[in-house]
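All chains are identified by letter, namely A, B, C and D, in their written order; residue positions are counted from 1 within each chain.
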Amino acid sequence: MDSTLNYQFLAKYKWPVSAFILTLILIFLDRFQVVSPYIMFVLMVGLCNVILTLSLNLITGITGQFSLGHAGFMAVGAYISAYLTKVVFHLKPGAGFFSGTVLFILSLLIGALVAAVIAYFLGLIILRLTGDYLCIATLGFNQIVVVVLNNMDFIGGPRGFYGIPKLSNLWTLLFLAWISVVFISRYIHSSRGRNCEAILGDEIAAESLGIDSLKVKLHALVIGCFFAALAGGMLVHLIQLAHPTQYTFIKSIEILLMVVVGGMGSIVGSVIAGIGLTVLPEILRFSQDLRLILYPLLLIVFISRDPLKYLQRRFSLWRTRAGGE
Amino acid sequence: MKGKRVFMFFAVSLMIIFAAGATWASNDVIKIGNIACLTGPLSTYGESHRNGVELAVEQANMNGGVLGKQIRLLNEDDQGDPVTGASAALKLIGQDNVLAIIGPIPSTIGMAVSSIVEDAGVPTVVTGTNPAITPDKHFVSRSCWTDDFQGVVMGRFCINELSAKTAAVLYDLGNDYAKSVAEVFIKTFEAEGGTVITVQTHPSQAVDFRAQLSIIKSKKPDVFFFSDFYNDANLIARQAKDLGIEAVFVGSDGWDSPELDLASLDGAYYCSHFSKEDPRTETRFFVDEYKKKYNAEPDLLAIMGYDAALMVIDGIRSAGKEDREAVADAIAKTNGLKAAQGDITLDENGDPTTLPAAILVVKDGKINYMKSYQPIQ
Amino acid sequence: MRMVLCHMELVIIQLINGIQLGAIYALMALGYTMVYGILKLINFAHGDLLMISAYVAYFLVNLHVPLPLAFVASMATGALGAIIMDKVAYKPLRSQPRLKALITAMGVSLLLENGCRALPFIGPSFRRFPDVINVKNFSLTENIIITNIQIINLVMAISLMLMLWFIIKKTKLGIAMRAVSLDPKGAKLMGVNVERVISATFALGGALAGAAGVLTAITYPRLSPYMGIMPGLKAFIAAVFGGIGSIPGAMVGGMLMGIIETAATAVNSQMAEGVFFLLLLVVLLIRPFGLFGKTTREKV
Amino acid sequence: MSLLKISDISIQFGGLTAVSDFSLDVDAGEIVALIGPNGAGKTTVFNIITGIYPPSKGRVVLDGEDLLGQKTSWIAEKGIARTFQNIRLFKDLTVFRNLEIAFHRLADYSSLDAVIRNSSFKKGEKLIREKVFHMLELFGLEGRADELAGNLPYGQQRRLEIARALAIKPKILLLDEPAAGMTLGEIHSLVELIRFSRDHFSLGILLIEHQMGLVMNLSERIAVMNFGKIISRGSPDHVQSDPNVIEAYLGKRRSSHVIQS
């Protein structure tokens, strides 16, 4: 009987438990330097990519709104949080809990909030467009952000914004990544998320059921962009510089690739693709050209053949959209 | 249970990651890392840079290596992207355990890499010209003069040698190199008594500059300064010529390339880190050896990479041991090193303040050496 | 003595600059718009056909093939490339959601760029297109100078557009194309071979992209695997601007885009690109279907 | 005063008048049929009522509230539900999820509640689940809950669509050709279903249908449209014998009592 109880406990809390174990393993590896800082760095970039993928998945995979402007929102979060930590708060790594971590997270949140506000007003205007037109409009927004960044000399302009304190460590990254995953997956598995699915399925039918499609899309966009900006902020405090060229629509396509490979609308897929597609290029370092070709090939194959369908069918949790908590 | 399977999947993939990253030590060679943009839009620079570095390493190895060991060069690609550059640096440091690093070239990546190597305590010689890379960094130095210097040199040259009163400036808005050189040029030109009548910009990857050039033409400047890389400069010069701009074209070291369009740039002046006609023995030796090995003319990235490798090798030699800290100290004390560009002595920032700038003039399809500007103290 | 240009002259010069730029955009925009009209697919890889054709012209000219022949060969390459692209990448996705085809198009674009980069005879470096045409200047007034290359550009672009106009309005193929774009199922029932029409559409668009590639190479003699991205993106915006799916829209849109871009640059070169994209947003919001596009209602 | 009052609506598509001066009232508990040849403008009327097309003139009033110029979702919330001619289920979602979505208004928790999973979230979700099960039972779909809606047989898809529409607790239900493509047996149970829905939810039902048997059997009142205009209205018997109607269906020359089923 005891074993059944344990089993039930595990079944109910499999996600928190596995995440907890994973976290412990990662922190152990980090603390005792079992793996090189390089691998840790790659994993941390992977964590940021997980959040980016998840947040775009909410917009594109779950709600069906095709955005090519995700990197633009990432840039907003990155630059604002970096400006706050570097110029306003003068944070230094290892400056204690309050003056370090709390202010750092505060800066991240401010950046993300600004991005969310921008997303709100942009969404009010452009979410009336559908499909390809929305894609172009978001792409246009992305390029406008890049032009604006290039023209702002107080944050470096085309020189880039340097000397950002290295505040992202494994702890904060894991903490924020975990919060993002929980937030987005729980959002998806609520009435809000179902409304998003309805919009993806058939917008007119959804409207006829009293679902305000603009509002639902707006919510998804705002939340998605909030987390994109959060991830942008975390990434920028990891690599310690922000540069306009990092945030062109090419980056948006890269995030989209992760969404597609992980599976549209799949949370577990986003986590796997976010980390996997960060690690893969590092493994492929020995052959630069091969990697450049492999990436688009992956995109094409995954979109047309869906090779992970088998896996996704086996691991029913992979396709979380139809799954459930 | 499905959760268990997913968990297993995670565990296995993590294990694969770590297995892929297993380190191995080997003590019979000295490992030096080289980060360059071997792919991406700046890859020609990256290839020249790598060629230069490889030439220096090969020469050192032929002469018995350093500290009795051969040098092994590990090339990493940054793709012209700072994040990739940062992870390349971390890989070289953490995984390959290199003694020192050479590169990267573009200043954006230079900035990303320099803070990482400073934290990790790995001596690094960059080949980017952005002044902001080296200050306050003990482990970071560079093998060439900075953008500040060439902006001043060209500004003064236009006033003093070309007797220019007015100038027009065009630069790539998305290129920090072009922008910072142009800004210093504008400042110097105005400080020396000239007037900059118009400043135009263009977005990166633009091919049509006629709109900006038509404006410049209408202002009739004495000199027209555009600090773009050679490939943009070619197009700009060509279109400026077609439009009939009569000003003297002036540029910066980004022009220095065998690919420069000499016909369109006839009569133009630019500055570089060396001249192929320089009679110095070290320069001649480098140019000859480079031609012999690669069957191509060296460009400035080749010579900067070559000299960076010389600085690192010299540093290891004078440190006398395979210790990153000691090598960094030795490189920082580099004094009068006979390098291909000139004698290198580093200042407190780690910048060579002794290297001259060569002014070159394009004439009848040839690039001629005009004069050298010694550093301004 | 130095003559100061009067404002009017500057405006005329910039107008000429804009039209020249617009001619190439228009040729490219036509390809986007035709494919969109039939498949409702934005062929993101269209810009890369320009790049491939430019390289073909480059190699042929270096082998001393006369330019007109190289021009035709490049157009053929563009057409062939477009057909292959369709057959390999887009055809398997015909019955799938359009989003998939759009993402595939992005993948194809990246694949072509990076693939060419990796090919040893193309490589990542910039290549200079040889000066096959001796530049001649014609002075209209003292300050307004037109080069023969500008004239060639404009003449070629306009005559190609007229040819396209003829094909679409007067030939059987054109009628079939219009039928398919109006109602693919209906056209199929009426005995139109839809797949063949789609191939022909890709071929025509590709040929125009090929022509644009050679014109680009002559006017801006710098080749790289990534040279198609920006003209592709801007032509695509031009197509949207004119009303994607509308052929006259693409022609006018391309020209207008060229003029607007030049004007924006002339006024303030720092913010020109921002203005360009901002304008795109404004157009999309005021006229989501472009200047010449028809509003289509989803059947409920 | 009737529940739904449509008065004098007109709409043009590119110069072509699709509906002109259309007026109709629907009361609670009443089944009204809208019939007419293809292209008469019946579905367009539905689209105007639900706010998909804005009419060029006229008024639509539900329970004293003007619906004109409002968003589709707002109108649905006020109490008008509909089904579609070409079934618009969420095909890639399960039957259960289709209904869950329709009950979205019962989820009166905020996004934050959803994320922290507090009691108000759990209560809302439980309520929705109960309602969905109830609805599935009512419509005989309980065995199909986990199937994808797109995989259901045609008749059950229609059923599910009606169930989904009823889930939003409408006052008025608009059914657009519910019997299209159904077998006779299916039509029979559909008639039962519509009657049952009307009684159980005390609805006013406006019905577009070509199946004359069903129309005559179900509806208390019938309006006949042709070329965007109402040409006849009244009881089934009245309409059946109206020469205008016969002409509309069969042309001027011929006439006989064909409108029988």
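We take it that a contact is a pair of C-beta atoms (placed from the backbone, for glycine too) under 8 Å apart; a residue touches a chain by one contact, two chains touch by 3 or more.
No experiment lies behind these values; they were computed from the predicted model shown.
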item: Most centrally placed chain - per-chain CA mean versus overall CA mean; value: A
item: Label of the chain whose CA centroid is most distant from the centroid of chain D; value: B
item: For chain B paired with chain D, centre-to-centre distance based on mean C-alpha positions, whole Å; value: 71
item: Distance from chain D to chain A - Cα centre to Cα centre, in angstrom; value: 41
item: CA centroid of chain C to CA centroid of chain D, Å; value: 47
item: Geometric centre distance via CA averages, chain C-chain A, whole Å; value: 34
item: Junction residues of chain B, two or more chains touched; value: 39, 173, 203
item: Contacts with two or more other chains, residues of chain C listed in rising order; value: 117, 270, 273, 300
item: Where chain A touches two or more other chains, by residue; value: 147, 151, 204, 289, 292
item: Partner chain B, residues of chain A touching it in the complex; value: 10-11, 14-15, 18, 21-22, 25, 34-39, 41-43, 45, 146-147, 150-151, 157-160, 162-163, 166, 235, 239-241, 243-246, 268, 272, 275-276, 279, 281-283, 285, 288-289, 292, 314-318
item: Residues of chain A that touch chain D when the two form their complex; value: 182-183, 186-187, 189-192, 194-195, 197-198, 201-202, 204-213, 219, 223, 322
item: Chain C residues within the chain B interface of the complex; value: 2, 4-5, 10, 13-14, 17-18, 20-21, 117, 124-126, 128, 131, 135, 137, 143, 145, 147, 149, 216, 220-222, 224, 226-227, 229-231, 261-263, 265-266, 269-270, 272-273
item: Sites on chain A touched by chain C in the complex; value: 64, 66, 125-126, 128-129, 131-133, 135-137, 140-141, 143-144, 147-148, 151, 204, 253, 256-257, 260, 289-290, 292-293, 295-297, 299-300, 303-304
item: Contacting residues of chain B [partner chain A, same complex]; value: 1-7, 9-10, 13-14, 17-18, 20-21, 23, 38-39, 76-77, 79, 81-84, 86-88, 90-91, 93-95, 107-108, 111-112, 115-116, 119-120, 130, 132, 172-176, 179-180, 203-204
